[in-house]
Amino acid sequence: MITLTELKCLADAQSSYHILKPWWDVFWYYITLIMLLVAVLAGALQLTQSRVLCCLPCKVEFDNHCAVPWDILKASVNMSSHPRMPLPLPLRIQNDLHRQQYSYIDAVCYEKQLHWFAKFFPYLVLLHTLIFAACSNFWLHYPSTSSRLEHFVAILHKCFDSPWTTRALSETVAEQSVRPRKLSKSKTLHSSSGCSAEVDSSKQSLPYPQPGLESAGIESPTSSVLDKKEGEQAKAIFEKVKRFRMHVEQKDIIYRVYLKQIIVKVILFVLIITYVPYFLTYITLEIDCSIDVQAFTGYKRYQCVYSLAEIFKVLASFYVILVILYGLTSSYSLWWMLRSSLKQYSFEALREKSNYSDIPDVRN
Amino acid sequence: MITLTELKCLADAQSSYHILKPWWDVFWYYITLIMLLVAVLAGALQLTQSRVLCCLPCKVEFDNHCAVPWDILKASVNMSSHPRMPLPLPLRIQNDLHRQQYSYIDAVCYEKQLHWFAKFFPYLVLLHTLIFAACSNFWLHYPSTSSRLEHFVAILHKCFDSPWTTRALSETVAEQSVRPRKLSKSKTLHSSSGCSAEVDSSKQSLPYPQPGLESAGIESPTSSVLDKKEGEQAKAIFEKVKRFRMHVEQKDIIYRVYLKQIIVKVILFVLIITYVPYFLTYITLEIDCSIDVQAFTGYKRYQCVYSLAEIFKVLASFYVILVILYGLTSSYSLWWMLRSSLKQYSFEALREKSNYSDIPDVRN
Amino acid sequence: MITLTELKCLADAQSSYHILKPWWDVFWYYITLIMLLVAVLAGALQLTQSRVLCCLPCKVEFDNHCAVPWDILKASVNMSSHPRMPLPLPLRIQNDLHRQQYSYIDAVCYEKQLHWFAKFFPYLVLLHTLIFAACSNFWLHYPSTSSRLEHFVAILHKCFDSPWTTRALSETVAEQSVRPRKLSKSKTLHSSSGCSAEVDSSKQSLPYPQPGLESAGIESPTSSVLDKKEGEQAKAIFEKVKRFRMHVEQKDIIYRVYLKQIIVKVILFVLIITYVPYFLTYITLEIDCSIDVQAFTGYKRYQCVYSLAEIFKVLASFYVILVILYGLTSSYSLWWMLRSSLKQYSFEALREKSNYSDIPDVRN
């Protein structure tokens, strides 16, 4: 059977990408997990409940609803103005149907009269959640974005390990790990000196006091202590970063993919918010079931109880709350992406503070 | 289906953060696990019990409660002062209802007459526990705190590995692993010499006999045995720690996030303590059920037995005890955080004991 | 039971090959997972439902369909023009069969009258999905291709690590990680200088502005900084690449295998699209069952309800949509492979830009 863990792996991404995720991605991940919990719970309830629908025939129909037989009898007795006759009360109602006949009625009423939303609610929640999860992780799996991101993460790790960028890193690492997403999205691997320029893009929106970026590239005095081999490696990283920056900046594919997946999420959010509360009213405890099985049971009209109605209503309401939370966050992140011009960035603030005025023009 | 393991991963944090946790965080983690156990147990009981509610019709109603038919008969006989007639005793009561009719009654009574608290108890416990767990781990997942913590842990590990801080570390590691939380919370990476100054903040509350802190930075004689490359690395770590300290101290976001999540926990604790014991009285074994199904069964009033009543009462009481333990610990940690001014720290005690009087002013 | 996780590992490939996969392979992988989800869900439904088929005997047959007994009685009464006689209504229909007899009927009708497609639907989905998954991963498991690919990946990793190709790599790595599939498929390990020439093949379709390829092989000035041992290693890699290229280019087995597995997929896609929607109409809720068990039950004709009909119809439709998505992508990738002549490649563009005009003719 299907467990939460198995579904989770569909929603999960590699842990190496966690530094690329802003807070709303973390938030979405947890909401997705709880949505999966709701889906699995609803599915388990539907599968394990042996008698989801329980129907009883309508012995006497009166004024389009099921009536108590002796009430009608009494009424007719009263109308005919006969002298009062004592009626034995309470009378039991016996349908004299076999269990197989009841099962038949239950099955037919379930298929024909139960609203589709009440039937497929667990599957719908599962489907929505998988779409949400797929949207969240699309940019980590779609090759032309994932390769760039992977490359970015690899370079980042190499920069961390490289000895000659240690000083530069010590300045940038704090900011870097806070909002690396912006970097990757805004394609701002400026390659000025190893990785130090990445600070820049995040500077726009974050009021971090920039420590003077002594972006000590190969020109810096610290590099003098490095031996020849390390110098080569440093050059290699430098080259890599430069190439990567050019490669990434030419196309804003990561930005566009991320934007698109947020737009899909917002659309799905609006869709769910529109139709789930509407159909929620169709999940009712009591179901009036008129089916043509008179040839097999003798009765035409049945009254059924849908035992999952209440719990499904509660779960659906809870699910709608989760979707609203998800959708509001998506809308916020969409607004954030459209408002802040992630593609432009300037080195002015950096130039003023640092001693190196030629950072963006640095060449090997 | 949903198992404890799957839910645990929702409550669990990465093991790398375990050094950041004070004793109450560890305590909370284990209470959370037991709460999840209660939730899963209650849920499993509700799912697997095929006949949670078992109802029987009331044949004779007398004085608003179900009476034994022949008792009434006897009473009327007595009242009419007839000569005594021997009544055949005991008489069995036959309802002549089909199993399907009983199932129908059970389902309707369960949905309409069983108190919502008795119905949704497992889900409520699960929801509470997930909120508690989310609160506990929020600061480890919220990007702007988690990145700082991750960075702190990474530096800490680098300090451990670095050869020139070994001596200094050997003195600090004892204190460090006891209360590292305070450090990160109070942002006291003082960078005096790699990691040695971290002792300081924990000294305020812990009466550890301070070993004279020979915070052997680059100036210390121990560094003379290090070759050039290691010296560079040492400088790099030193730089990193300095930058990290500045970066972290400017904003007390970790402190505020941790404080907020404790406040949320205390509020939730008060809420649960208020409403769960109140609704606990609504979980009763015997349920009086008057439903309008006379048209299908002939009877109007039923008496039901809720077979999960007792076990749910026991589980709920146990849960309340767990919540009280959790809440008291939360209140204590809140009091601890508000009482001890974690943001101020002095090096006076250190200065007196150590030979290095310039620790807080140390610069590279 | 069979869980999703267990099936997933059948569809999954080693993660080391993920750089060989173009976007459609990633897309296929996720569609395969969802198909497996459908198969497992359908299988679980069929296994856990205790009463899949529920049959009732036909008491009175009239005009080749089951009729209500008293309707026929009334009709005959009307036809004989007798005075109206009040008929007691509603009459219940009692079959007076035992539960065992019903079970017997259910079992026989399930085996003999239920359409095979409705019976074996979960197994068919599972089988299709496994064939799709096997086709996707065949070239990664078939020895004469997998060994070449493994070798290619190993050389690629060695090139990444090698110090003297770092500069060359810095130029190619960006393009390389975007579309490495093309390389391996088109067998373009040109061995001109380590790995730099791989850019070429991807240049055909990608409009990347080629950075001047200073394909600094052993002849380049950067190699002067390398000591003797590294030079040896470089030579070794160079030799390896050359041999590998010759070995691969002699036979285009990878290309042919990949093409064949795409063709198999397209054929399977057409097959499924043809027969599943056709047989979908055979999954009906109500099944007319005429079996020769009169000797044991007294009745000859039965009416059955197949309780999984609707959910199977929904799942099958969803499955068909998934297969259409899969098939369209397969057709696209087939078209892409046949259109772009992956076996020819020219170095003209490269020659013009780079200083090295002898790249394709390079010899050690």
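Labels A, B and C are assigned to the chains in the order they are written; within every chain, residues are numbered from 1.
As a working rule, contacts are C-beta pairs under 8 Å (C-beta built on N, C-alpha and C of every residue); 3 or more make two chains touch, one makes a residue touch a chain.
As the structure is a computational prediction, the values presented were derived from the model and not from experiment.
Chain-to-chain contact here is organised linearly: an open path runs through the chains from one end to the other. Ranked by how far their CA centres sit from the centre of subunit C, the chains are topped by B. Note: Cα superposition of subunit B onto subunit C, rotation of 115 degrees, nearest 5.
Two copies of one chain, subunit A and subunit B, touch each other, and the residues they use overlap weakly: the shared fraction of interface numbers falls below half. Of all chains shown, the one whose average CA position lies nearest the global CA mean is A.
Centres computed as Cα averages put subunit A at a distance of 24 Å from subunit B.
Subunit B and subunit C have Cα centroids separated by 43 Å. The set of subunit A residues touching two or more other chains comprises 1, 3, 5, 48, 50, 59, 95, 97, 99.
Residue ranges on subunit A touching subunit B, taken from their complex, read 1, 3-5, 8, 19, 21-23, 26, 30, 33-34, 37, 40-41, 44-45, 48, 50-51, 54-60, 66-68, 90-95, 97, 99, 102, 163, 166-167, 169-171, 173-175, 177-179, 208-209, 211, 222, 225, 285, 303, 305, 307, 309-311, 314. Remark: subunit A residues 1-3, 5-7, 9-10, 47-48, 50, 59, 95-101, 103-104, 107-108, 110-112, 119-120, 123, 130, 134, 141-144, 147-148, 150-151, 228-229, 232-233, 235-236, 239-240, 242-244, 246-248, 250, 294-300 touch subunit C in the complex.
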